[in-house]
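Two complexes come next, and they have one chain in common, subunit A, joined by subunit B in the first and subunit C in the second.
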Partner chain A sequence: MVGKKMIWLGVAILFSTLWVWGTAHAVSEIRIGQIGPTTGWATMFGTEGLNGVKLALAERDYKFKGIPIKLFTEDTKADVEVMRTKLDSFKTRDKVHFIIGPSLGHEGMAAVDWGARNPDVPILIGYSAPEDITMRKATPSVIRPGWTGPQVIFHFGKFCAKDLGYKKVIIVGQDYSYPWDQAAGFTRGFLENGGEKVERIWHPVDAVDFSSIMAKLTGMKKEYDAVLCNSGGAQVVAFFKQWYQFGLDKIYPQILGQANVPIVPMLTELADMALNVYSSLHYYDGNPSEANMKFRESYLKAYGKYPSVIAVQGYDAMRVAFKAMEAIDGKVDDPKAFITAVRQVKMRENESPRGPFYFDKFGNPIQNIYIKKVVKKDGKLMNIAVKTYKDVSQFGPYAAMPEKYMAQPATSREYPPGNKDDYFREIEKYFGKDYMAELKKNNGWKE
Partner chain B sequence: MIKERFFLYRKTFLALIVAGIFISIPWVTSDFFVLMAIRVMYFGMLTMSLTFLAGELGVVSLMQASFFGIAGYFVAILQTRYGLPFPFPPLVGIAVSLIIAGLLGMLVIRVRGIYFLMLTLVLGQLVWALASQWSSVTEGDTGIMNVYAPVLFGISMEKSKTAFYYFQLFFFAGATWFLIALRRSPFGLMLRGIRESESRMRMLGYPVSLLRYAAFVFAALVAAIGGVFFVYFMGLINPSSVSLATNVETLLAAILGGINTLAGAVLGTGILKTLDVVLSGITKRYLLFMGIMFLFVILFAPKGIIGTVRNYGRSFLSPLMRWFGLGED
Partner chain C sequence: MSLILLMSILNGLTLAALLFITASGLTLSFSLMRVVNLTHGAFYLAGGFVGLSVLKATESWIIAGLAGGLCMAALALFEERFLLRWARGNDLIETLVSLSIAIIIGDLILVIWGGYPKTIAIPQALGGAIKIPIINLPYPLYRIFMLGLAIVIIGGLWLFLKKTNFGITIRAGVDNFQMVSALGINVRRLFTSVFGLSGFLAGMAGVIGGTFMMLGIGEDWRILTLTLIVIIVGGMGSLGGTIVGALITGLIYSFATAFIPEFSLFVLFLPVAIILSIRPQGLFGKEV
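Let's turn to the complex of A and B:
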């Protein structure tokens, strides 16, 4: 008799321990996939993002509440076919709980398309900036703790028109979708706040000889006030060099830059040529906030150089994921709960090197946009903020009417028009007469 | 008696074994393997179109990915923008690809050797530039998305990878059979004649230009079929599918497997595409390893894996190969 009782007791103990064990360790290992271009021309965008993720993981010793975290990393080679295959490998081979990345524009677009077909694998997009990832193609499982191209440059257009007082600006840039987006965002901010004309000059993506463009720019000085360099990487270095060789620094006040022009890795390349360049972004390396100082120092210690905004975003993506995991007690095996938790994450002041941010309903952050200027501090070049626009959404000044904004055609090399009259005719079509009247009344945007 | 009959049908027997292996893949392997097999098949068709030209005409084309991509782009555009129902986008896509191959073919068949390589390179880059710059049609570098594989006999090819695998296997087998049949036909013989000595063939009264032209268009057809499956499986297409990198990778796959053979094309693609994914999961320096591998292939096995097996493996493999009737092909 006693034996039977003992058996029942034993079974009860076994079941209760199993139950407790089962709830305490919903998952025995958290598996994260990180993807980005770590070989090829875009290596910088992939490796810096990965470094950021690793730094955030190392801060917690690759553990979450005692559960070990395993990081899987893959290279996209900047090719979407490769990337899609590797996303599939993450899902079927590594069985990851969520994915961080990728970094480039076309990769991000392909990732959101993959995300729509695989809603059970949440994706936190890295540095990819196309608007449609979180606009026309937005899907619940894809959240971007990053930025959109136009989001960071809308207000730079306004700044150039209002604070710098320029009327006509030339934009010289690489001929592909990211610079098109930058030009579009700038054009909106510039023309709606008193600017008169934006002329765009496109050059092939890998061009390094700008002599014909420099000659053209010299001639155009009669009509135009400033030049905005809308390229990235080696093209920026070549552009700046030739700018000085052709003596354009003596006839134009300074070069304006698109968001990526004076980021940290570029500053070492450009050296003093970058002095006084104005640009805008959701992060600036000279931010004296405690979070940024700490981040910069620990990144320097780990990787031997200062981080750029790309690393910040990898770091932030992982930290957002940690916050979400805290909210759901580490149950990352429930993708729905994880997605909901990520979307509700609010990064407060001093929680991120970039400043506070939270997500809009499309999954893109509402964050500070800084107008930056390159200065020399203690012999080192860095960006400082000359103006801060708080809580800017991906729709910028059109935050109240996202549907109308999205009804417009996608940006292209000529859209929206750079001529004031054509431009206003175009936006009246989409935003209506009321919006036009308001613009006129406030003499530009309200804030 | 039985043995003799078996000997008689040995080629059918071999074909059955190969077919059996391909058909059983989704049953015996993992989802991941099926995924890789699908990739290898569509890229395999692209590589086969290159090796067909290389093997039969003795020319290396750097624009096969253009026909692959054009078909893909047309499927994507017709399906997403005009909502055409299933059989039409791929049919139109392949047809357009063939028409373009027909037009460009008139140009490229005029040149030979290194000039053929250069001309196809230029034309291929032209297609790439169009895909990247003509954004109102191709949506630029972002590419066209939301392409879904069709529903056939009530089975969604989009949801079931196994179904997609069989769907593609059918056409893959068809394309392979088509190329093999072409090689074995009098047409194939004439092509090889041209490869060996064009002037002699012309003197014998063969329509040399016409034959070269037809071979070029046939190769484009196979690439275009691959392109249709590519876009269906990926769900999107962007300029990288018609880029120089894709063309060069195709050429590398062909060199690795054996540039003169169809089996080499599939083998080379299989190795290249699998290593890509498997090695990169292990080390970040995987491109270095692949580079070293190519160096070895070029130095020690310039005829590719199939060619080397044929040369060096003849002693111990030849009884088997001869038995299957593959000895001296």
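Let's turn to the complex of A and C:
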């Protein structure tokens, strides 16, 4: 009898030691999934993000404290349905510990839905910028070490009204949600700081010829001070080209750009046409900081060209993950602990090419926003910062009242209104009389 | 007349010029072979990119335009001789073959020239604006040049089709294909060369359009759509119809972008829907 009991006891001891041994040690291999569009029209958004992740991994030799890291990569083909399948196979086939990506707006929105249904697989969103990923649809397991569209452009509106002294601005852009967000953020900063009117012209996403818009802009000069180009990619090239062909550079001061108009790859193509363009973003390529210099040089060495903000996003996401792993000693097999650790990560001045940042309670960074200007240095075009706004949240000047901000209708081609009177009526409706009084007292936002 | 009206007319005319140059090749190959060549947009884009590289190497815009055209002509000859010929007479397969080649070319462009949008610099002699007499309006010289080039191509194609032996054979082939082959004319060679000519026009249009606007991934399908609108409105297989179709499309596009930019695509497709329901063969097309 005693012998039988002893055997049971022995088995119990053996199992419990195995159990303890199993959890006390970190995982034997860290498995990361990276996803983004690496073929098709959006290739540049996917590959740059992936390159950034790889660069951060190569810096540590694909190891974390001796534990090997395995990177799984998948292509979304810029198609949400494809992406969902790939996310599922990351979870069930590759059994990844967390996912980095995707890059595009609609992909991000679908990824956050997937994340809500799969809370045990943390996702670090890449370049996707829709507000609702970390606002109305925010879910604990989805964290975005990136940006939202309006976040980076709120203060550009202010800068145009206060520093450049414009009163009326025309925004010409592609007719879909990202440019709507850009126009909305700009309108808020512009009108609340002394601007009078924002006129928005929307053209189809696939517009080929801008000549008629140029003709229209020529006629509008009587009333308006400046034009903001609110398109992306190939449309920007065509817009700038026809801007100069029709001689609008002689009528208007210089083009203003939405956040990613003068990013690095565009500068090569636009060449001198891009000179003196103002825009704003949470990263600028001419940043003389040590972290940015090192990042740019090692990226150039690895991939043969200078990185843009898209690559910064992938690089930063991976570095945030490393910091979180340090906090939990590499135990990425506990998703809850990993998520908590990621949300607590604080990147210091020299830890990211973009400067310091940390996360708000919705999982979006509070970070510096730079007002950029394109200049020529040693024969090369680059963005320099003419002004820095520190610690800007995704709610911009409304950081103290996120619920009120989220209660507003979603941005659209006409919302918020571009006319001063209508705009302030809306603002009062959602943010109250006190906010209006404060705006009046400070003559705009506080510094 | 107000400034914007005048500008919109000029813009419409010059856009129509580019659309005509692109669509003329497609309409030519369609009228003879009755195959809707979906590779046409890819020829346009690839021709533009080839032109871009050649321009960098030779710094001559004219050579770039010819090179873009000739490379695409070679590609078109290859496509016709080795792929389409096998499927001759089977519309569905022919269209699918042309579609697959379009996708392959699109991906090759991505591999060779990368995913970033590019543009061809306007040649120095054609840069800047000129004042148009009478109305005293400054207008980009390059767009005027494009209009002139389109007129030259219209004239050239007209002379070619009406006056040369080869052109007459093509027209005869369009009208009565069996009769022509019965007369002992090598119809296969005829098909291949017309297809090559169509590729040449598309490739050259790519260089012209890339200089005028931009080259980017997805531009092949954008241009193909516009080209199809032009030949559907004008009537498939009719040179005169293509001119009218290009003018209608160009003018609608420019007026719509000037006055109701949000709806410009809708306004563009409206005449297509109307014409297809009232006159399915297009304004100038012959009933099949």
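Methods note: the second predicted complex is superposed on the first by the 422 of 447 C-alpha atoms of A that agree within 3 Å, B and C clash if a C-alpha of one lies under 4 Å from a C-alpha of the other, contacts with A are read in each partner's own complex, and residues count from 1 in each chain.
In this text, contacts are C-beta pairs under 8 Å (C-beta built on N, C-alpha and C of every residue); 3 or more make two chains touch, one makes a residue touch a chain.
Nothing here was measured: the structure is a model prediction, and the numbers come from that model.
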Quick check on the superposition: with subunit A as the shared anchor, is it clash or fit for subunit B versus subunit C? fit
For A:Arg413, decide between first (touching subunit B), second (touching subunit C), both and neither. both
Which of subunit B and subunit C A:Asp88 touches, first, second, both or neither: first
Given the touch rule stated above, what does A:Gly233 touch, subunit B (first), subunit C (second), both, or neither? second
Which of subunit B and subunit C A:Thr39 touches, first, second, both or neither: both
Looking at the overlay, what does A:Pro265 touch: subunit B (first), subunit C (second), both, or neither? second
Of the partners subunit B and subunit C, which touch A:Asp175 in the superposed model: first, second, both, neither? both
First, second, both or neither for A:Met109, with subunit B first and subunit C second: first
Examine A:Thr388 and indicate which partner it touches, taking first as subunit B and second as subunit C; both and neither are also allowed. neither
After superposition on chain A, the shortest CA separation from subunit B to subunit C (Å): 6
With the touch criterion stated at the top, can you tell me which subunit A residues are shared between the subunit B interface and the subunit C interface? 39, 175, 413
Considering only the defined contacts, which subunit A positions touch subunit C in the complex? 39-44, 47, 175, 201-204, 206-213, 215-216, 218-219, 233-238, 241-242, 245-247, 265-266, 268-269, 413
Of all residues in subunit A, those that touch subunit B in their complex: 38-39, 72-75, 78-82, 84-86, 88-89, 92-93, 105-106, 109-110, 113-114, 117, 130, 132, 137, 175-177, 180, 410, 412-413
Give every residue of subunit B touching subunit A within the complex, in rising order. 30-32, 35-36, 39, 132-133, 135-136, 139-143, 145-146, 158, 230, 234-236, 238, 240-241, 245, 276-277, 280-281, 284, 286-287
In the complex, the residues of subunit C that touch subunit A are 3-4, 7-8, 11, 14-15, 107, 110, 114-119, 122, 129, 138, 140, 142-143, 213-219, 222-223, 226, 253-255, 257-258, 261-262, 264-265
